[in-house]
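Two complexes are shown next, each including chain A; its partner changes from chain B in the first to chain C in the second.
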Partner chain A sequence: MSRFNNAKSPPDWASLVSADKGVVDRRLFWDKEVYEAEMQQIFSRCWLFVAHESQIPNPNDYVTTYMGEDLVIVARQKDHSIKAFLNSCSHRGNQITFSEKGNARGFTCNYHGWSFGTDGALKGMPQSEAYENCPGFKKCDHDLKQVANIESYKGLIFATFDPDAPSLKEYLGEFAWYLDIMLDNDEGGTEFLPGCTKSVIKANWKFCADNFVGDAYHAEWTHDSGANAMLGQSVNYGNLKDAVHISVNGHGWATNMDKFGNLRTLGEPLIEDYYRGRWHDVVDRLGAARARMVGAVSSVTMFPNFSFLPGQNTFRVWQPRGPNEIELHTWVLVNKNMPQEVKDAYRRGVMMTFSPAGVFEMDDGENWEFSTRSNRGYITRNQSLSYSLGLGSEIQSDELPGRISKGLINEANHRHYYQRWADLMTAESWSNVPDRKESGEC
Partner chain B sequence: MAGYLRQRYWEYIMQTIISDKQCRAAYLCDVDELPVGESKKIELSGRPPIALYNIGGHFFATDDTCTHATASLSEGDIEDDKVICPVHWAEFHIPTGEALSFPATCPLKTYVVELVGRRVHIIFEE
Partner chain C sequence: MLVADSILPKLGRQYVDLNREQELKRFLYHESRLLDAEEYEAWLGLMAEDIHYWMPVQENRDRKDKAGTFSATRMAFFDDNYQQLKTRIDRFGMHTAWSENPRTRHVHSVSNIEVFETANPEEFEVQSVFINCRNARERDQDIIMGRRVDLIRCVKGDYYLAKRLIILSHNVLLSKNINTFF
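Let's turn to the complex of A and B:
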């Protein structure tokens, strides 16, 4: 029996995670009460990815997305700033727009015809004379609820509902240095290829996020057939002597620093040619360490649920839909200055590998679904999961910021991820959330 | 003083030479009060409000209330010579009042605009 059986009343969420030992209670991945607490403690307070700037280049452009399970509209304003607000009418709650994206001067609710600008402000209502007789009614009290803060980092737009959240810069911390590997390896910056591929996976969102935070370990076994299909051979990690897990307050990047390991799996030679041709420019721009990470065998998650693969350039949000399901949203990031033929190669390559029918993704989906579903059993979900691989592998690095652990076949990033989960689940406010810079604790 | 007299003379002329209809002139504002590309709502007593527009230095005037629903067009955006209603985004051609897009179907009433010196007036029928 799990030793956390008595963790629930009052809920002591931190006791469900023992990060320094690599033990995580299975109820994290099944329990409805845990999930509801995550919506409050994590999703309504953290910075969440909402869009790339390239998706809304012009005033009146908008996309719709989720922050946790909250529907939001993200719209470019006339002054080129960006606002995000709830996609739910302030009158009686109907969803306002059903489009994924568009260009509009405003939004009208289908129920009573209340009309809102692209800034979310209530502009007018039918029979508005009737509201003139309504004591105390002011249109500005019924504007759509805005997020508390919205900021971009080199093209990636994040938003938070919590006015007390740290700035995006503080939230990213030293991880921003690593994000430049993807976002700033070329002076022209980046864009998303058109289109968002969406699918449903019946898995707990954290199984997906913790896979991308640093699970190179599964690739050899899970992706054996996919590797043979794309590379003509089983997964070969090669020389792992420089491989590391990098973690900054729950954000994790695990990499073999082998330059091209990930991007080769797309089966598109133009892509490797592009990066080989730019190697010296990237070294000049980012330094050798980061240049080696641009397309290497690697994976990344930003806490809580935004992940990507350097090299394959698939960016994704694991949108939670209850404790046992996600709606997966994926995009492909390219450098704006890439030749069109390289962008086309990316579109083909990611479709082949990391789409719902992709040769790698479909095997991952199955693992995560069965990992989730097994917790249907009462006895099963009262066990713990083991995240102990690589305990004791933390090192000091002069070159790399953050908490560094040696070795790719490791679960260090997972442990840091769940420590951050526990910290946020128990913190009353952001001022109670520790900044875990030092080793010795997890 | 000369400007005032000119103004009064002009208003007298307006009242006498427009013979087939009884018309009046109403002062709206001074030209300096409305920058290029902007619009302004002016309330005249006993009449529905007027929207005055400055398009490239030329002044136009229409009823301020949209013909589709209760909305003030002077709160809408101007794009070239069109005004966009801020509530349901119907487009009207400012010089003619023509309704250009869904959901507006009825044209806007327009008014002749006359400048006397720096003073902007509209002419309307009694």
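Let's turn to the complex of A and C:
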């Protein structure tokens, strides 16, 4: 049954995804071999979200996070630039800092006391004279491993380990135009509210990412209880005539363009008042189409594992922890210029809904865990999964860049997401990654 | 804020008499039994209308970091008033709360109970340790443990929870969700 049992040639990962038919092999969500290849082909090559600039405003501020399974320190430098490097000592590999956030002039490893600057450079160590007679030893050869590139887009900081990766601008492509809906709907820019909520879900990371890439379909059923608790009624998608799936390079944004459908579910009227009051300003900044997406029924995943919900403003990374576990890191994004009471409303609203004790999130984790775990069965994992909703729904749009498919109850973004996955899993280098901007069968 | 500052004795604080302590222990055990029974409406009945039910995220910070491991402005798992607790409870009661069916087998264990007087003769600071072991489906099991600092108010002979600070032992919540109270 195995489609990749030939030890002499690399496995044909792309054969596990038939995007044009809406079929994905279940082994994507279970096999250790697939997972290890993802670490190499995807997480060590793609641009990954590492922090928001507001988390490290001052020189020597740092946060610790993960890129794939690699521990990383993200630190603001004296010249206000940002560096990111491995949180693992270049001597024996011990983790260097265990703080998730702070301000430090440097980092010292607990094991032998090797000390590094906030730029990751090796500064010194105890008994350093012992190294003076050590042939060929140069401190500069033992700096902490830097990311290959680190760039911000309007407050969001991304990094890649691959020196050959395209620029962030190129990686985002036309998706940057959509990111402005969240990042540039106010002249003051954005910030994360203080604090990161972390939890563990025993699910494959892609089930979480694919839920946010465009699975509005599940909301009506999965979140019936949450919607009734927050709004006193079941999920009502409203008029779906303008709803679209938008895909760029595997990044996906599904939206009903209904202005405020998502943000209403936070149960905080102040938030809707705020956006209603700003409606004309937002239209001036973004145009009517994007203004209608600011708080609409919608969800977004940026390939591979960074997701958010416009309106609810929960931003999250599905940190992979093996083929069947993730660590979920979440933050709340707000406009810096928002009145404090609106920021407070966001904090409360997200805790009530998209948080481990929240009335929406509670049912999501359960679904993803058991979608993953059922593949323990050998026969089960040799079945395929259906991603066929909305096949043939792609349209041309004069207004919206990217690949546009009509309808919210659609799996077009999923198909583009898994096509991107297949392309990256197969491509030996970025130059081999196909440009799929043109309309195809998906 | 630091955990130690929240739980260490304040100057001049006195234990209540044993009779009062026994009454408040009984209150906490009763509360736990209601949670094990999923009698959430009845549990809500033990909350004062001005309840502040707070379980902040506990951060890993350097000991020298004056910002402490939690604060009122940072994210929390709960930072609830009465209405917010009620909203969460409303969901538990719905037949479409899929992850609640079949039911979770909850055990809430409470120990290390100490009851102190406060400046208000009708309010008591009650400290305790909880363990919530929950088992669901076939083999899903989570153990969540922490400390609590409660303010419990006596109104006409009945006790009501007015404030609860829950100091979780986890940094990363080692569970997919929290489908109960502590």
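Note that the second predicted complex is superposed on the first by the 430 of 442 C-alpha atoms of A that agree within 3 Å, B and C clash if a C-alpha of one lies under 4 Å from a C-alpha of the other, contacts with A are read in each partner's own complex, and residues count from 1 in each chain.
Criterion: a residue touches a chain if its C-beta (ideal position, glycine included) is under 8 Å from a C-beta of that chain, and two chains touch if they have at least 3 such contacts.
Given the structure is predicted, the values throughout are model-derived calculations rather than measurements.
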| item | value |
| --- | --- |
| Room on chain A for both chain B and chain C (clash or fit) | fit |
| Dominant toucher of chain A (residue count), chain B or chain C | C |
| Touched partner set for A:352, first chain B, second chain C, both or neither | second |
| First, second, both or neither for A:428, with chain B first and chain C second | neither |
| Partner chain in contact with A:141 - chain B first, chain C second, else both or neither | neither |
| Chain B versus chain C as contact partner of A:106, first or second or both or neither | first |
| Partner chain in contact with A:79 - chain B first, chain C second, else both or neither | neither |
| Touched partner set for A:126, first chain B, second chain C, both or neither | first |
| Chain B versus chain C as contact partner of A:398, first or second or both or neither | neither |
| Partner chain in contact with A:117 - chain B first, chain C second, else both or neither | first |
| Partner chain in contact with A:362 - chain B first, chain C second, else both or neither | second |
| Chain C versus chain B - closest C-alpha approach in the superposed model, Å | 12 |
| Residues on chain A lying within both footprints (that of chain B and that of chain C) | 104 |
| Residue ranges of chain B in contact with chain A within the complex | 69-71, 77, 84, 86-89 |
| Residues on chain A engaged by chain C in the complex (per definition of touch) | 98-104, 193-202, 222, 224-226, 228-230, 267, 327, 330-332, 347-348, 351-352, 355-357, 359, 361-363, 365-367, 369 |
| Chain A to chain B touching residues, read off their complex | 104-106, 108, 115, 117, 123-124, 126, 128-129 |
| Complex interface listing, chain C residues touching chain A | 55, 57, 59-62, 65, 71, 73-79, 84, 87-88, 90-91, 94, 96-99, 171-179 |
